[in-house]
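In this document, chain identifiers A, B, C and D correspond to the written order of the chains, with residue numbering beginning at 1 in each.
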Amino acid sequence: MGDISRFNGNGSSAAGDGRRKSCWYEEEIEQDLRWCYALNGILHTGESQYQDIALLDTKPFGKALVIDGKLQSAEIDEFIYHECLVHPALLHQMNPRNVFIMGGGEGSTAREILRHKTVDRVVMCDIDEEVVDFCKSYLVANREAFCDLRLQLVINDARAELKKIEERFDVIIGDLADPIEDGPCYQLYTKSFYESILKPRLKEDGIFVTQAGPAGVFSHTEVFSCIYNTLRNVFRYVVPYSAHIPSYADTWGWIMASDTPFTLDSEELDSRIRQRINGENRYLDGKTFASSSLLSKAVRKSLAKETQVYTEDTAKFIYGHGTCHKQL
Amino acid sequence: MGDISRFNGNGSSAAGDGRRKSCWYEEEIEQDLRWCYALNGILHTGESQYQDIALLDTKPFGKALVIDGKLQSAEIDEFIYHECLVHPALLHQMNPRNVFIMGGGEGSTAREILRHKTVDRVVMCDIDEEVVDFCKSYLVANREAFCDLRLQLVINDARAELKKIEERFDVIIGDLADPIEDGPCYQLYTKSFYESILKPRLKEDGIFVTQAGPAGVFSHTEVFSCIYNTLRNVFRYVVPYSAHIPSYADTWGWIMASDTPFTLDSEELDSRIRQRINGENRYLDGKTFASSSLLSKAVRKSLAKETQVYTEDTAKFIYGHGTCHKQL
Amino acid sequence: MGDISRFNGNGSSAAGDGRRKSCWYEEEIEQDLRWCYALNGILHTGESQYQDIALLDTKPFGKALVIDGKLQSAEIDEFIYHECLVHPALLHQMNPRNVFIMGGGEGSTAREILRHKTVDRVVMCDIDEEVVDFCKSYLVANREAFCDLRLQLVINDARAELKKIEERFDVIIGDLADPIEDGPCYQLYTKSFYESILKPRLKEDGIFVTQAGPAGVFSHTEVFSCIYNTLRNVFRYVVPYSAHIPSYADTWGWIMASDTPFTLDSEELDSRIRQRINGENRYLDGKTFASSSLLSKAVRKSLAKETQVYTEDTAKFIYGHGTCHKQL
Amino acid sequence: MGDISRFNGNGSSAAGDGRRKSCWYEEEIEQDLRWCYALNGILHTGESQYQDIALLDTKPFGKALVIDGKLQSAEIDEFIYHECLVHPALLHQMNPRNVFIMGGGEGSTAREILRHKTVDRVVMCDIDEEVVDFCKSYLVANREAFCDLRLQLVINDARAELKKIEERFDVIIGDLADPIEDGPCYQLYTKSFYESILKPRLKEDGIFVTQAGPAGVFSHTEVFSCIYNTLRNVFRYVVPYSAHIPSYADTWGWIMASDTPFTLDSEELDSRIRQRINGENRYLDGKTFASSSLLSKAVRKSLAKETQVYTEDTAKFIYGHGTCHKQL
């Protein structure tokens, strides 16, 4: 038995390697392109009326929330998505006090909003109660946000809710699935929705911001350019911006829109960050936003030439994003 | 909200498909050949002094025990492996009362032995207490076996244990990892071990049987033919046999050896199965064993020509089976 | 530059490993089970009116013919499939002189038949001329067979051809895709086809044999047991048999049927092999066939209980085998 | 036979889908992260004294050059890498006439340089003649460049060549593998190489630019930050910049360095592009470079804190980039 330590050492290293690479999550980015990450475990799985949901423990990205087979949010880099979604709009608004989130059931969007000292009311309107409950239970980083008294959680279709209420908001945030043809969120990206339902619920100097799908050199034609063009038909000032998110294996896009011009330079943004936001941003500051909102020549040309507008009748297809993850 | 049922249907089906294929376990059969099965979940994982262990919930094979990255035993077809390992030897023995298992910590080998009415004592000698505890806790099918009063569990190296004890057995069963060069189980497959340690612990009409690695048309040259040839140098009568095990993606081999001839035909085997075994076999009966022990021309020729004998000095390599899963 | 040999060595080994595992062919055995083999290259690809065809150079199995995404025939082990398909029927027939192949465009079935000294005429009837031409050009092992003057190649639907001709055959061989519901070969496996079209083209002591799909402990329920039961309704004597084919990742099945009993034992088979077959078989001999035709208890029970018969109206589904690879 | 068109349609669609996803190239980005793209074919493979090389026809990225198992250059987006590597340095230089490329055997770097009207001499110094010949033969897009009379091709180690020659260059470009510990290119990234060998071969207002490895929010710590810090110890002005390259599944980095300050704003860059570059850039213009050279907060912080300098003694490890693809 004198050899045990040797066998053990031997065994462990073999085991370590073997085991490390055996369980994989395979995400189809496109039909002929896959992004595969090794798993430590499958922490929780659930199923709601609308969606399947899982919390995975991945090796490269930490814990990851997967909805209907698509990675939504990974521990390691969700801060990029959520800082980019929330802070530019809130910082450009003069004094954001109330904010409406369409979707956002994960809780991270609310968490970032609640870091703003000016904010005294956040309405998060997600249609899927089970997903919200799942995230409340398992996403430790958002627990505090879910308990914040300034947060009002509404379980409803965002369109129905915005139609019903009379409150007007400083900022409205779209944290929804991409607008795919026949997809359930499509109607939350149309010109008529923006004009007749959403815009009336924004204050005069209010800002709307939405996630806007992949924004890579090629992938921006899937939905990013159309969302941009649709918003250009509804608001006077529209600012598209983008950032590479490692766990998405792509550059992602957001678009900010308002009838009030966006005039802050990066020093002014940095100064508002210091004044208004509790804690320190990890990703976004003035220079980062300046860089993010300067799109590359290829994307700028393509956006300038875009003519399609999302209406109830037209739609564009985006591969594999067929289900509404956060909102109907 | 009138559209929800449509969206839901849409979403569910997409979800169903997407989710179903996303988590995979990837087993390297050889360096350039992989066997990949979809996972429902990773039920339990653990680590012992010697090995890594996991209980997976796989889609094609049900619950599966994986040790050091290799699938050991799958709910759907472990009965093939364990019926083939246990019953031919016990049935051919005149009146098997005591049985010694080298390894076997999973418990399934003991479970099959304990179905024999003649058996009043089983010694299971496995070196890895944590693996045994893991299997006791999680493998529901073997719970009864682990509690059977006829079973004595010893935590020790099988060679050391066989050297120490003076009892002689009707049947000794090798349920160990394959004999790979520098691998920890190698010394439990050598001619000198069989001659000086194992054989003295068999009664005169005792039978030894061992799992003997892959036994496919090509894969039998990895270790099966050498174990066969080694045993042929130690025992007068040696019977190799094989069966295809779906979850292993290969045909598997076992070898039975004794100094007493094996003379039963398939009717006699069937009659002993009826008399001696509680419950009904799912895989093995007289005709199945007749078929299993008639190897194909290609394998028979190769076995006949085999000249290598496992000694402390020689060894043969088998890919990726580098760690001793059950026994040092 | 003195370090180059070191770098080179370093580079080569890394390169070797890296390169070796980078290109993979992925075959979906079932929806949740994949068989993946590394590729050296993609030698030829083509497309016919009916099917897609490729010749791959695989690392584990050598050159492999892939039709409509399914591996049909691999250099390393196609001899198992083709020896099992051809020789048992021809050997059991008293004096096989003419043989009809339904499908078989690859040429390997003809090659094995032409090794029989008694045979003076082989009709190979495949619907897909391009596939036949592809195989003629690229499958070196079958070149001689394609040039044999005893071989008559007919490009036609096998059913139409058998209906049209008046010749009767000693042996008819079905080398077709599996009978899947709505699949194009389904009608070549029905009771009415066997009774009214095929059987009349067999001589009185003629033998029909067909490939019969997967025949593993579980997979035999896909089509093997139904083809068996259908033939049992048409012929007096029916012999199912099976063998594990490594590149298929499963045990495969064939079924032989006749109105004349099959009475040869394994010595008689061996003697006919010596007398009638040129060259030496690699896989099949008397004992191998004895073993192959003794099915395991699990499969025997399941076959005995099978009640389904393939008719124009009923069908059974087999996953992923949806296209007729060889014949309409 | 009236059903053929139906079968055919059926078959084709199944075939199309099945075939489309069967051959994959699998690139290990990290040990637990894979990037997998479907293949149409493997066009050419070769092996040089130093490296393995292959030209793949990929579905998502078009033709792709793979060296030692890593995708180097894909038809669809190599323009991003090469425009970013070449144009910023040449544009910032007052009047670039002669340019030295370390590595660059693919030819794309030379192609971009030769678009500059000011350039009358390009020296491309690659150690691997076979790779250069392979690219000359197969990369159609670079054929013209390889034939340009201004291009001088030298087969040699870049360090040895720079030591030997006395010419001084307006721009030197590093198009080499990443500096990995014990890797063959490591010595072409050290402080002493930059100081004593490279810098003396630059004219006084000369500019050095090098590819600098992954530059993502996390991946920039592999080598990007250290190359940056090393260059900061050798040159007075150092500009790091980055861009997302879809086929690399990451953001990539380049670093430009000089003892002359970089003072152009984006309008001046655009004006020089119009004056000096033949044809139109697809990716890079003034705004794109402004965005690329504004790094995100996370990366800027990390670069500012970097203390490591590449010397002959220290090194940092980057996973899986173990071989020098282009240069020793």
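Here, contacts are C-beta pairs under 8 Å (C-beta built on N, C-alpha and C of every residue); 3 or more make two chains touch, one makes a residue touch a chain.
Note that the coordinates shown come from a computational prediction; the quantities given were computed from them, not determined experimentally.
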item	value
Starting at chain A, fewest touch steps before arriving at chain C	2
Touching both chain C and chain D (chains)	none
Distance from the mean Cα position of chain D to that of chain A, given in whole angstrom	32
Chain B and chain D: spacing of chain centres that average the CA atoms, whole Å	52
Geometric centre distance via CA averages, chain B-chain A, whole Å	50
Contacts with 2+ other chains: residues of chain B	21, 24
Chain-chain contacts as defined at top	A-B, A-D, B-C, C-D
In the complex with chain C, residue positions of chain D that touch it	1, 3-4, 7-8, 10-11, 14-16, 18-19, 21-27, 39, 41-42, 45, 49-52, 54, 56, 66, 68-70, 157, 160, 182, 184, 320, 322-324, 328
Complex contacts: residues of chain C adjacent to chain B	20-21, 24, 30-38, 59-60, 76-77, 80, 216-219, 243-244, 246, 249-251, 281-285, 287-288, 290-292, 294-298, 300
